[in-house]
Amino acid sequence: MTDPFFLPVSGFELPRFAGPATFMRLPHLTPDHPRVPEVDIGLIGVPWDSGTTNRPGPRHGPRQMRDLSTMIRAENGATRIRPFERATCADLGDVTINPSDIQDSMTRITEFYARVIGQGIRPLTAGGDHLTSLPVLRAVASMGPVGMIHFDSHTDLFHSYFGGTMYTHGTPFRRAVEEGLLDPTRVCQIGVRGSTYDREDRDFAASVGIRIIEIEEFHARGVDDVMEEARAIAGSGPTYVSYDIDFVDPAFAPGTGTPEVGGPTSYQALQVVRALRGVDIVGADVVEVSPPFDASGATAYLGVQIMFELLCMMVQSDKH
Amino acid sequence: MTDPFFLPVSGFELPRFAGPATFMRLPHLTPDHPRVPEVDIGLIGVPWDSGTTNRPGPRHGPRQMRDLSTMIRAENGATRIRPFERATCADLGDVTINPSDIQDSMTRITEFYARVIGQGIRPLTAGGDHLTSLPVLRAVASMGPVGMIHFDSHTDLFHSYFGGTMYTHGTPFRRAVEEGLLDPTRVCQIGVRGSTYDREDRDFAASVGIRIIEIEEFHARGVDDVMEEARAIAGSGPTYVSYDIDFVDPAFAPGTGTPEVGGPTSYQALQVVRALRGVDIVGADVVEVSPPFDASGATAYLGVQIMFELLCMMVQSDKH
Amino acid sequence: MTDPFFLPVSGFELPRFAGPATFMRLPHLTPDHPRVPEVDIGLIGVPWDSGTTNRPGPRHGPRQMRDLSTMIRAENGATRIRPFERATCADLGDVTINPSDIQDSMTRITEFYARVIGQGIRPLTAGGDHLTSLPVLRAVASMGPVGMIHFDSHTDLFHSYFGGTMYTHGTPFRRAVEEGLLDPTRVCQIGVRGSTYDREDRDFAASVGIRIIEIEEFHARGVDDVMEEARAIAGSGPTYVSYDIDFVDPAFAPGTGTPEVGGPTSYQALQVVRALRGVDIVGADVVEVSPPFDASGATAYLGVQIMFELLCMMVQSDKH
Amino acid sequence: MTDPFFLPVSGFELPRFAGPATFMRLPHLTPDHPRVPEVDIGLIGVPWDSGTTNRPGPRHGPRQMRDLSTMIRAENGATRIRPFERATCADLGDVTINPSDIQDSMTRITEFYARVIGQGIRPLTAGGDHLTSLPVLRAVASMGPVGMIHFDSHTDLFHSYFGGTMYTHGTPFRRAVEEGLLDPTRVCQIGVRGSTYDREDRDFAASVGIRIIEIEEFHARGVDDVMEEARAIAGSGPTYVSYDIDFVDPAFAPGTGTPEVGGPTSYQALQVVRALRGVDIVGADVVEVSPPFDASGATAYLGVQIMFELLCMMVQSDKH
Amino acid sequence: MTDPFFLPVSGFELPRFAGPATFMRLPHLTPDHPRVPEVDIGLIGVPWDSGTTNRPGPRHGPRQMRDLSTMIRAENGATRIRPFERATCADLGDVTINPSDIQDSMTRITEFYARVIGQGIRPLTAGGDHLTSLPVLRAVASMGPVGMIHFDSHTDLFHSYFGGTMYTHGTPFRRAVEEGLLDPTRVCQIGVRGSTYDREDRDFAASVGIRIIEIEEFHARGVDDVMEEARAIAGSGPTYVSYDIDFVDPAFAPGTGTPEVGGPTSYQALQVVRALRGVDIVGADVVEVSPPFDASGATAYLGVQIMFELLCMMVQSDKH
Amino acid sequence: MTDPFFLPVSGFELPRFAGPATFMRLPHLTPDHPRVPEVDIGLIGVPWDSGTTNRPGPRHGPRQMRDLSTMIRAENGATRIRPFERATCADLGDVTINPSDIQDSMTRITEFYARVIGQGIRPLTAGGDHLTSLPVLRAVASMGPVGMIHFDSHTDLFHSYFGGTMYTHGTPFRRAVEEGLLDPTRVCQIGVRGSTYDREDRDFAASVGIRIIEIEEFHARGVDDVMEEARAIAGSGPTYVSYDIDFVDPAFAPGTGTPEVGGPTSYQALQVVRALRGVDIVGADVVEVSPPFDASGATAYLGVQIMFELLCMMVQSDKH
């Protein structure tokens, strides 16, 4: 059984609004804490939005997600999984990024994750904008390219912005493919929609074998059918799951920098994660939660519910 | 025909934003008003949240629900029922609860409702947190246990909180069964979801025969099928309807203390009430509307629409 | 090809939050600008809410819709239409209405639109409350009655308010039929719902042949089936499209004066416009966006997405 | 002593958030209520903003001011006056204005006030935009011109707007002087500031003898000195007090349509009213509270505190 | 020098928005942490509002105050005090109160503080409503009555509410005097204002020798003069400082349950604390910060600045 | 007289909420517009916040400031200056910064300003965070160092952040002194306050001769006395005015990233600018307005009022 040290404080003992906030009321371990090596899954914040080309704010995501995550209880009502009893989980704090230097920040993120992964810990990340996934993948895929199931209203596969800027939240997976971090034939993007500049991203996807399931196809086929295909694409190999909160319709997730209307409901937002059973998840993230555009906290609240569903899937993987 | 005294002021005469706000622009009758005995259905506020274990606020519910209820017009667009012409309705004011004493408040509530019911009035309540339903049921079920159709994302069937606290908004129906106010075999709970502490509430429900239709089953079967079962469970006996606004997805009803994502839409929120035709409704409530977490008023607005749908069902009962 | 002068500024060059805001980043042409005659489709604001009988605010709609429209990119992701390359589009500014005089304002609006239409420009309007459509139709239908596809939760077909007031946002289409601006047998209203004063509007509709598809029918039949009927009603003749943002459920479009719960999703909100292919659209509007009730801007954002979908349909009409 | 029927409900008995909201928890008497003739001072709402040339919203003022006025207790802490025990006060409801017709509304307002004043009741008004004061003055000054002490950041003395529109919230006192309702030599305007179109209003004031104390003079001289002069100008004759909430700095009163920065504090906002001792107040109003621009309710809350201070001055007048 | 373990993380190293939030970025020590005995001053949260008779919310105060306290840097700009280097400070977490049981909660609070004080730690509290001060004083004054300097717009000296309820946020200091926790002749209350029920509290104060400096006197005399008197009243004995955030004008501190207009500015709010030099502060609190009524966080932000000023005064006391 | 082309549209003709928003309703001239050379004073937006080390948002400043600047009228009420008739003014649009590259953005800004200044136009800037002032000064001071009057709650004189990052909003004037853009003996900083990391910035100021007037001195001496000294420091040479909106107390200007409580009122915020008469202003800016933290727009509104006061001072300079 899990050591009580690693169990969340119960809301029956301490009310949910009380106490300093950590992810899901787990213990907060600084990098040098002696019990870090016991951890199986580490919840990590990346308070960073230097890749944002439009409305900033995700740097505040981890703080608000910690706050609202204290509403999460011990057991998943739908799947009956009790993740904190099946794996040793902890809040590993935030990466100490540099808000004024993109390259410096990316180096810091990769180093943080490389150290964590080197201790046998699988990371579950609260971003941060979507550029966060690139330095994380540099650590996650250090042994070879991984597959990816990617929920988003954008492909994030563009070449560059503003006359040659290569590192923005619209380019991380273009870079990841170029750097050999992703196996594009094992990548599936779900929920893409909205107006577009052009089709340069789609052409790139087609050229390397990335499968894009646009929202019209998603709505027409339904969650079960779409996710069966996604699982098949990812296959049995190591797979990263990247979840941009703007995948969900802005009525359910208003607090994000580049919302696109016409998306899935919150119920579908959970269902797609529950359909990841059997996938070998080597890491996951929830990104683009932007508290300044989310006065009520509804977006961060949905974001942490998705993190909880991801966690429940991560503890089910046989290999870990 | 209804005496014009009991008809709401029309928005064609006085704009909807004008005038002191009463429920649905009905006359406000204080308890000693001489025309109280003429009333068939009394709309009552219970401005109380002392049972709240998490985020408070429902004490402000009746005030804001009165405000937004002035948007309601004379006729139900879907069912064509004109409730104010089929039954004599009035705003009976708020119960004078004591915010600093739970037991005192429960006594006050039960006494208020006993007096109302003693005058032949069926109550339609605007809460207040869900503990409100317990003292109301003590008056409603004074002649014997009633059935209940209960819309909620939580069962509210827990034994106790915080080391033995028996009266919270998470325990009212456990108490109601223990006190013989509810016939558990005639109780159906719909919409339950979210993470849970444990399964102590579900075990209790199973042991006494309460039927729980969780949200996954609700989404899979649809409103018509689920509600047919609910009506069968309630049967032809006297039935209370309790509607926690957190039944609805927080995108449609953000202003509540313990929201759970993945719920029904506002259209489904109305449909489930319209499906209560034929049920012998002896009382109903809409609870957990929390204005401090509902800056736009959208939740109170949906709440009063649900109250209006409940009212339209209450006027259809043959026995009353 | 379109002259670069008439192409929106790309977000790859100038970030979307930068620069003075015009509709969709198109050039703003004052009425006397020498290039006005080149324009095919003019985007026009009518900052006016004097017809509002309830909560005011749509006078602020054009300003906020311009602001949020800078998020729109060159190509429709669903239909792949690039409207700015298929038609010459421009922001023609706002009509200089008089907030203190309804009749004066209606005259100013009709004159503005008559001049625009006289230059061969089809108008796409950002309202304003729904009374806006009446003076616009007086210009659009100057050559004879037009058909109309009308998305709304209200019929706006009432005779009068407040003891004889004939010009409010609840009466424009009653007046338009009376004035011979609309051919009622070619009018289809979709999405009507909510409580009603009485059935005077529905009786009028029935008497002149207007088809009303209420929300229950909409939800039961689905977008494709309903819109096939709507296209058939409009037929091949000149047709106006009027889109009241309160057609959409208030979870997706909270910022409006008279919301009605139980409406379509944002995805359906877009689908119904995409289903207008083949309709001969001689003008269109999006009305009742009310920024003071829309703190987050979500409603204006959805409103401009709908304007973009309407624009994509307008550029497809063969006759223009 | 005052009949208990006319005393506000105490917050020690019923919590302040409970019960339908009336002004200061006084009884709400409809115009035909038999006890109206007993009333000395009537609190009246005018939910109207048709005179607004900029941002609308004051039509919602009376509703929100009633709501927040339930925070007011029995005794003025500074002056120790207990107004409800010194005069018979009641909430006389709202005037049934017509939001779509300015002239009709002005007629309705004047008739309502003429009837009230004819019963010997002095009116204390919650507006409404500042045009409200004109039809009120037509009733108040029916026996001859009155003096006025006017707190505002604008003079509201302009001739017309938008090419000849004579009735807006920027013109009421120009009309009132023209109509002989005000004796301009007994009028003092305090707090005027902000950028201006031109000096047409100031020139008019100078020509008829209205004294304007601009904000720079107010800040330099202080409340006591300024108010001594104001009292001297008003003299011992009948005097109306008109209080535009935008007199106060927008940090203290953000919810108004045309705020001007650099104004008095909330403490000064109260002090100027307390300095009205000895003035023969025949009526008073607080106008331009605009709830849609006042999410927190702070402006309405300050507005009702000012109404309470005005009430305390009105009960002190010897003549009434 | 202070052990680096007890120094706040610098914003030059980790951006202020990053990392789990503790009070002023100090280490969070659970009650059983081995380094607790080293602490001189403990920052403690009491997330509790069961004493609130009006608008609830202060239970959320400690969480939001921790969040915003990460903006505080190492040195007081005005006094140049660097408190974290002059005393060993730590975040001791929140008391595990019971939101559904007032007496149980008061017992828990007193026990928590008794244990802390028993370890030689002086407490600096973030409330919580003002009833919080009573159970804290039971621990602080366990050796004998203390003096108190009390900033507030209310006296909190009432006997009871709602027909005999003795423990509310309007009664703590009546109880504290009765229980011998306060020496009333060494108590000074500053800033009292607003409308009142009656003068029962003032009469009690006069009868036991409590000095009340109402806001009119405060504004007339100024901070320096008033505070000189306050220091003289407190004298050289052990003194508690209780700071209700509603002391400050609601323009500066809107997020509180019972605001009173006409109060001090934020600059005065700081000055009064800086004037406590020489007072022997045995404990202090900042209470009534209510996040649900403080959407922007401004109130919590001012609250933590006041806590920081209090901390700077506490480290200067010679005796500790 | 000024060509009508360069006069703002009057609110008497077009309501203030109507029309696309430009700064103060001036004509918007793109860089290649043929009438640019006629301009005396150019209003320019710099939508940029890459220098922000804490809460981002100022990139949205120019958009919202344009929106709210439409409330400004032709004449300064306090000084009676009509600036648009004394100088030719225009909105020159926004600099096309690159949100993902600080150095690239600084180059773009300097080039834009160099071109503008080369045409004889004095710039009045709406930021942007405070790093904006550095690239602007590189253009303004291209002929030699200038003096500066600087309103701010921070010195912005730090050496570096995060282990060597030299270009942030906390360092611009350190760089400007190092680069010879400012004559430190002619620099006066006013309003500095709040907690500090250390005194490294103050030590630097002292070493080069910058005069810092902290807030305690400001409050003690008053506006007139302080500004007389500031004018003396700046002398008769060319002087830049930099106005960080966080100079003002956050009750008046909440929408900024690093607010500091205890600051000046809005009236003082205007007075300090009016006291710049006689200063030879070669350029000015208002920076750090952050709309995401300013839901009501109050901060942008105050910001544009300050811009208007600056403009009125700029048109008075004899030399220009």
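Things worth noting here:
The chains carry the letters A, B, C, D, E and F, assigned in the order they are written, with residues numbered from 1 in each.
Rule of thumb we're sticking to: a residue touches a chain if its C-beta (ideal position, glycine included) is under 8 Å from a C-beta of that chain, and two chains touch if they have at least 3 such contacts.
Since the model is a prediction, treat every value here as computed from it, not as a measurement.
Any chain bridging chain C and chain D, meaning touching each of them, is among B, F; the list is complete.
The interface holding more C-beta pairs in contact, when D-F is weighed against B-E, is D-F. Chain geometry summary: the mean Cα position of chain C and that of chain F are 40 Å apart. Annotation for chain F: residues 13, 15, 17, 53, 55, 59-60, 99, 161-163, 249, 251, 265, 293, 295 touch two or more other chains.
Taken as a graph of touching chains, this assembly fits none of the simple shapes: it is neither a line, a ring, a star nor a complete graph. Chain pairs that touch one another are A-B, A-C, A-E, A-F, B-C, B-D, B-E, C-D, C-F, D-E, D-F, E-F. Looking at the complex, you find that chain D touches chain E at residues 10-13, 15-17, 71-78, 249, 251-252, 265-267, 269-270, 295-296, 298, 301-302, 305, 308.
Across the complex, chain A is touched by residues 49-53, 55-57, 59-60, 98-102, 104, 161-163, 165, 167-168, 292-293, 295 of chain F. By the touch criterion given at the top, residues 13-15, 17-22, 28, 45, 47, 59-60, 62-63, 66-67, 91, 93-94, 96-97, 99, 295 of chain B touch chain D in their complex.
The touching residues of chain D, when paired with chain F in their complex, are 53-55, 161-163, 192-199, 214-216, 219, 249-251, 254, 258-259, 261-263, 265, 293, 295.
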